[in-house]
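Next come two complexes built around chain A: one with chain B, the other with chain C.
Right after this comes the complex of A and B.
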């Protein structure tokens, strides 16, 4: 640990301890420097950021009506505020207790703010787009697929053969189909199955498809957690006269979800990135809006700028998600150990 | 008063035709401490686990606190009715690691007996101080030593005010210097008149606290005697052999 405080000595030890090490380190460092310098040079001098600057509202809100932009704006700000409060907010217990509730209601609030109704003028879903739509797809799919996934995981362990078999078949089928196929199914086939006259909008269909797909993976992650809880925990609950249902949701699930948390985070980040597949299927979420901006003759050929910009946005959001997940994990281990 | 536990000709076999319980008949009177001894694999744990429905049996009759269990297909509700009145302490403590000590103890009173949280917590604190660990109420199981965890487990079982306590080798997983703190707690319970069935290898505890010793081997009851007779002048050759072997350790 001493070396931590002597960075030069530390670097010497890990990177230049012998001739070969030094050569390898120097090569890597020089390549890295060349790359970095040319990137910075390009970003500052050659790139034309007009394509991003002029289209900022499009990137964030899609073609949401101009006079209503405050609604998606408010929602994205809510995301930022919630993340910030969760990570660095004051440790007031009433706030900490209600944060999970706020996170759960985040997706419904988004749907309300975007769709309108109850006093807000309605906005059709084809006007939703950009980062707003990406976050909406992610948060809605996540919030629905988590309980569904847990239910499937429990179903797979059920003592009832029918439930067990059905859950297994569902999970295994979903996991053997590529996501893009499920998304195509959602966009093209769901309308065929519905009775004439009943139409579900495209965003909704995308959310259904993502939910169906992700819940199968969540089920497997949760099952991993469930299986790592020793059978004796179940017995300890039984001996106290608890109802099987109470044993599951008071004793087994809280422990299983804790164990499954890292892989669940993984699913959430994966889900966010997979929403970009919807660009192929005609939704103008973050990537989709980038593609349609590139199709505009005014900005033709500016694809590097656009993709770097998009990568930066995805990176920021994924990082925020990872930070929140790590924060959650730390909180849970805190609860267990220190006091 | 009728016996708390009355087992008649209990028989149970696991798959390969090996009898875990072979015609076991035993009764436990109210206030009695029955110590069950025997080599490992003799069916001691299986026996006491049938008393609260953790294990089923193949034939025979079993009556716990006036509720009779059938050899097959017992209603879940009936078993839960028994479990609400019979506490159990395991070898591995089996505390809930995600709940604090206080929550571990109040869980069942609140969720099963529908007590108010304040009342349940007050009662839990009384139990914890009887066990000498009231200062740990806010901690989590992983912060406690094995002996402390086992005393929490006893308090958890006591919180439902059981009429019978089952102990399944409560000190076998403990460091030797931690054994006595748990045995002392059990001694106190015995003097308070708690009916207990204790599976244990602790000879001194069995001698001092046990009202009767039940000795089992390969699923059979070999003998049931008072501690005086069992430890000084066991009736059966098998019992004497077992005692000799334990004493050598």
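Right after this comes the complex of A and C.
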């Protein structure tokens, strides 16, 4: 008898504790219902999903040659499998140990699958697009900017004034500039700084620009990790007679990276979202392909459907990455408890 | 011996950096000579000859490029300022709901934060502009006609006309930043010891009074640094104005670069204006920070 009244009591306590509370709750419930019903009605009856259904290959692979679609398809599946394996936490220790390695090799595999060579027919970078290009930009920039960011963070902590000053100037300038200016630099100005005759394609220039930008932010995250390592760790290394390089690489850095890992994953989420800026600068990544489909007279005015579809894709990927970040955080706090 | 090792390393690194810069500048000069452009800022005082839809100060196409850039800078400042206020307002409310007693409000605000933070800002801006504002059919007027009316031309609030571009940028930036501010506010309030809540409740204070008088003053030192970095992000994100056609400093710079074909000079101007903007915001927040710490801690 007692237990049957508990849920009602609970609901009363958390949502209807006084008059104002009840009014707020009732308003939310009624508005929520109206919103949900009209949303479901719109999705099923009013929306015309042809614009998404007919363009699915474009959204995922851009204008990649039709007979080679398995290549980006395989790569995106690999991305999904890797993400879910990381989240699920496989019981086999050999796989768990090699997961970081798999993530590191993910970007080179993508470049090989997309660009071709070594037995695969070459595909030019202007045919890359859609979700594939978004993930390529994200993974390549992330993998290059991580070591750069770590180097900058170490540089900023360095005892050598020249190194310290140079890294600080770089980090502070990059962090005060809007990303779109850096990307603009990548697209229009990098060609001007190259020797005559040397040309880099647009995707590469975008990756360079993202790397320049993101490494400054990664540097600050890593610095946060470095600063939280107690000084005694350094002293312990010195007492053991280790070389300063050994102390940094074997003792300080692994611990600092471990602490910085959640914020680094958030950086990756931000990077993925920011690759959409390339739509303004003329690459047809996920948002860019959406824009060019909307410019097609056949699908004119189908803004809501396309934007909601794109938002759903971005949301799913970013949420999975955020979940991975939280997962790593929990795992680390557990490991700390074990100590 | 140790000192000389350090000195050599530093000299070596400095030399490498300097030589890289020299190579880049050399390439640049060669390329600029090849294209016949050279490097000068003389064009700044030639007439801009493009129209601007929005200008807080008088502007006509016969005015100089420099004046057009200044107008763009003012436009940026305007949208940053108002988004900053609106984002703080929404963000504080959502953040307070997030830690409040009402479970439904908590759920709704958690959903809001999850949706806004996990989708790209640029997509949200396009949604606000192409769907929310340009998609309006006819005019939606408030019951008292002259107070507020919304149409696909923008918003008319108490006789002040806000353009469709400004409105969508304002809403997009504010909503996006508010989700981050909400998390900052939540973190700040959670950082206050639970005992503080219990003690003011046992003194017979109402929750609202206690929140305002006891909790928020203690949470502010934890909130302000996070808030500053969100404001700086907002200022940087305002450059996405170009996607909705609002003429901010970046959009005008882009037009000018296309007209004059001088990307290097335009880029330098852009960098300088942003360094200046960042200085304003971080100094303003620093001032606010010291003022608040002084007022909350009179001893």
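A few notes on this one:
Basically, the second predicted complex is superposed on the first by the 326 of 339 C-alpha atoms of A that agree within 3 Å, B and C clash if a C-alpha of one lies under 4 Å from a C-alpha of the other, contacts with A are read in each partner's own complex, and residues count from 1 in each chain.
Just so we're on the same page, contacts are C-beta pairs under 8 Å (C-beta built on N, C-alpha and C of every residue); 3 or more make two chains touch, one makes a residue touch a chain.
None of these values were measured; they are calculated from a predicted model.
By the touch criterion defined above, A:200 reaches neither chain B nor chain C.
By the touch criterion stated above, A:236 is placed in contact with chain B alone, chain C being left untouched. In the superposition on chain A, A:246 makes contact with chain B only, not with chain C. When the two structures are aligned on the shared chain, A:255 is found in touch with chain B, with no touch to chain C.
When chain A is checked against chain B and against chain C, the one touching more of its residues turns out to be C. Within the superposed three-chain model, A:87 lies out of touch with both chain B and chain C [touch as defined at top]. Residues of chain B touching chain A in their complex: 52-54, 76, 80, 83-84, 87-88, 90, 92, 94-98, 107-108, 111-112, 138-140, 142-143, 156-157, 160. Of all residues in chain C, only 6, 9-11, 13-14, 17, 24, 27-28, 30-32, 34, 101-105, 108, 114-115, 117-123, 126-127, 130-131, 135, 232, 236-240, 242-243, 250, 254, 257, 263-264, 267, 270-271, 274-275, 278 touch chain A in the complex they form.
Note for the complex: chain A touches chain B at residues 232-233, 235-236, 238-244, 246, 250-251, 254-255, 258, 335-337, 339. In the complex of the two chains, the chain A residues touching chain C come out as 14-15, 17, 21, 24-25, 28-29, 32, 159-163, 166, 173, 176-181, 184-185, 188-189, 191-196, 269, 273-274, 276-277, 279-280, 287, 303-304, 307, 310-311, 314-315, 318-319, 322.
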